[in-house]
Amino acid sequence: MSFEIVSSILKRRGVCIEDIAEIVYELQLPYHPQLTMEECVNSVTAVLNKREVQYALYTGIALDELAEQKLLPQPLQSIMEADEPLYGVDETMALGITSVYGMIGLTSFGYLDKEKKGIIEKLNNNKSAIHVFLDDLVAGLAAAASARIAHRYEGAKNYSIPSDIERS
Amino acid sequence: MSFEIVSSILKRRGVCIEDIAEIVYELQLPYHPQLTMEECVNSVTAVLNKREVQYALYTGIALDELAEQKLLPQPLQSIMEADEPLYGVDETMALGITSVYGMIGLTSFGYLDKEKKGIIEKLNNNKSAIHVFLDDLVAGLAAAASARIAHRYEGAKNYSIPSDIERS
Amino acid sequence: MSFEIVSSILKRRGVCIEDIAEIVYELQLPYHPQLTMEECVNSVTAVLNKREVQYALYTGIALDELAEQKLLPQPLQSIMEADEPLYGVDETMALGITSVYGMIGLTSFGYLDKEKKGIIEKLNNNKSAIHVFLDDLVAGLAAAASARIAHRYEGAKNYSIPSDIERS
Amino acid sequence: MSFEIVSSILKRRGVCIEDIAEIVYELQLPYHPQLTMEECVNSVTAVLNKREVQYALYTGIALDELAEQKLLPQPLQSIMEADEPLYGVDETMALGITSVYGMIGLTSFGYLDKEKKGIIEKLNNNKSAIHVFLDDLVAGLAAAASARIAHRYEGAKNYSIPSDIERS
């Protein structure tokens, strides 16, 4: 049920799973030409089923919404309204999402957070809403889903060791 | 001025700089017998002067206070009221504080977060308030201030390299 | 096969899976009185099956072994021989293991890294070997395996949201 | 003296401070048009003076060099030779550098690690050497130096709070 909650909250903020899957598709296609959108949707869904990911999303989105409603205490309200570039708590929170399939996700996270592809750009350009956290969290989601795909596709490769190690 | 803001907000939540400095003192005294409380207060002050630390504190404390006022959207409100042990966003946010003097602070952070010494225990036992974030953030502050002291005391040690490396 | 490789390398360094499972058992028993050692062994095994965990172990153990063989370039060789408390790369690398089940593992990691329970203490006291990385990595493994158990036991709890959110 | 050591080791691996400063300059110029190369060199120098940064560089570069000399134990030697994309320990180690001026550096790190600008591309294209760690570490250095510049330029901005908070 918690997946339904988190996806409905994302939808409320203008983000659907396909939006995130499209970013994953664009990011991973060069490395895996046989990749399908369905696999990307599945990968985003798998990431969204992780409890720590849901909790980060609940928290970041709550902060965005409370800022829109001007309910945050000062000076946080002003910092969020200014989308202060030195804030950094959004990147920290996204790190908690990005790292669920290992630190290889850091590269994609940073790239997406700077290049602002697809839905991330839309969130960023929507000046009527506050998306201090959501753009980073979506970049983190796409990065984690990409890392998951990378792990799956590379799954067969094995690095052997000389057999005497196992005996020693 | 931002130091005055962050220390007044901490005070509003029942934490003064000396409370944190006492934890640092207890943690570092075994390694540095000549350590004084004044140095510990200075170290906590230095950590609190860092902007990323202030931002993490504003954010975490805002979440605690909004939870007390029952202003958070669901399901976050219930998660915060339950002090859900799997929440993890508090630890993630504390990581952003703990790491300002390098990752050596991770050990002290985890130790303090589990042992709940001094003011951390008081925060944790105060059942009339919500301190989901504050106890982790204070553990993070004490860990960062301890790491800073460790860096200062060990400052003189130098590891040399064979002189031909510098020539090569 | 990669699980066999990583467990044989751990064994070569004096650590067997049961050693790590015992730490997990001690750590989690107070929260889950019905916990069995078998579950702890399974949890450690699950963590060790993650590729990013294996890679961190290969790397940290290689550095320990190369330091014993005096094959590291200076000044790293001297830093490792001194088990320099400010080194921090060992904690950073352990973070990559600890975080595979979310940042809730940070607390256990830091606690174990300071308290040095069971096999961690043995590694630390063995003065004939260099275990700069291994003690932190084992603390990271035990912390991740503990986080995994916490996630499993709490799996049933759900935080509901008012039904109108899903309709909105 | 430790700055001389770390800069000489970087030079040995084909990286001079100006190479890193150029990346910082390109990254930060759009935000701070009055930025000079001298400031970027100073910022890189400040980052390289941090002990935790030096330790990460010593360690990552040692692993690259030992891989070139085929001195790493298996399966790590093969993983490094293949520049395995799922390795992730290089990103983890770079995180320890990137975070020294807060988590805002994560975005630049990921961007640089993917776009491979300037010296990072040269390191990556040099097929006669192994730079599994160095390209990530240089991206981490440039990201940290950029974060430092961002903190300095924005230093004057202050978010005030209603005066009654300080009285309460």
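Per-chain residue numbering starts at 1, and chain names A, B, C and D are given in the order in which the chains are listed.
Throughout what follows, a contact is a pair of C-beta atoms (placed from the backbone, for glycine too) under 8 Å apart; a residue touches a chain by one contact, two chains touch by 3 or more.
Here the structure is a predicted model, which is why all the values come from computation and not from measurement.
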item: Equivalent of A-D within the choices B-D, A-B or B-C, defined by over half of its residue contact pairs recurring; value: B-C
item: Of B-C and A-C, whichever chain pair has more C-beta contact pairs; value: B-C
item: Rounded Å distance, subunit A centre to subunit C centre (Cα mean); value: 25
item: Separation of mean Cα positions, subunit D and subunit C [Å, integer]; value: 26
item: Sequence positions of subunit C contacting 2 or more other chains; value: 5, 51-52, 73, 75, 79, 84, 86-89, 92, 95-96, 102-104, 151, 159-161, 165
item: Contact footprint of subunit B on subunit A as seen in their complex; value: 5, 51-52, 55-56, 58-59, 61-63, 65-66, 71-73, 75-76, 79, 84, 86-89, 92-93, 95-96
item: In the complex, subunit A residues that touch subunit D; value: 31, 73-75, 78-79, 82, 84-89, 91-92, 94-95, 102-104, 106-115, 143, 150-151, 154, 157, 159-162, 165
item: Complex interface listing, subunit C residues touching subunit A; value: 1-2, 4-5, 8-9, 12, 50-52, 96, 99-104, 151, 158-161, 165-166, 168
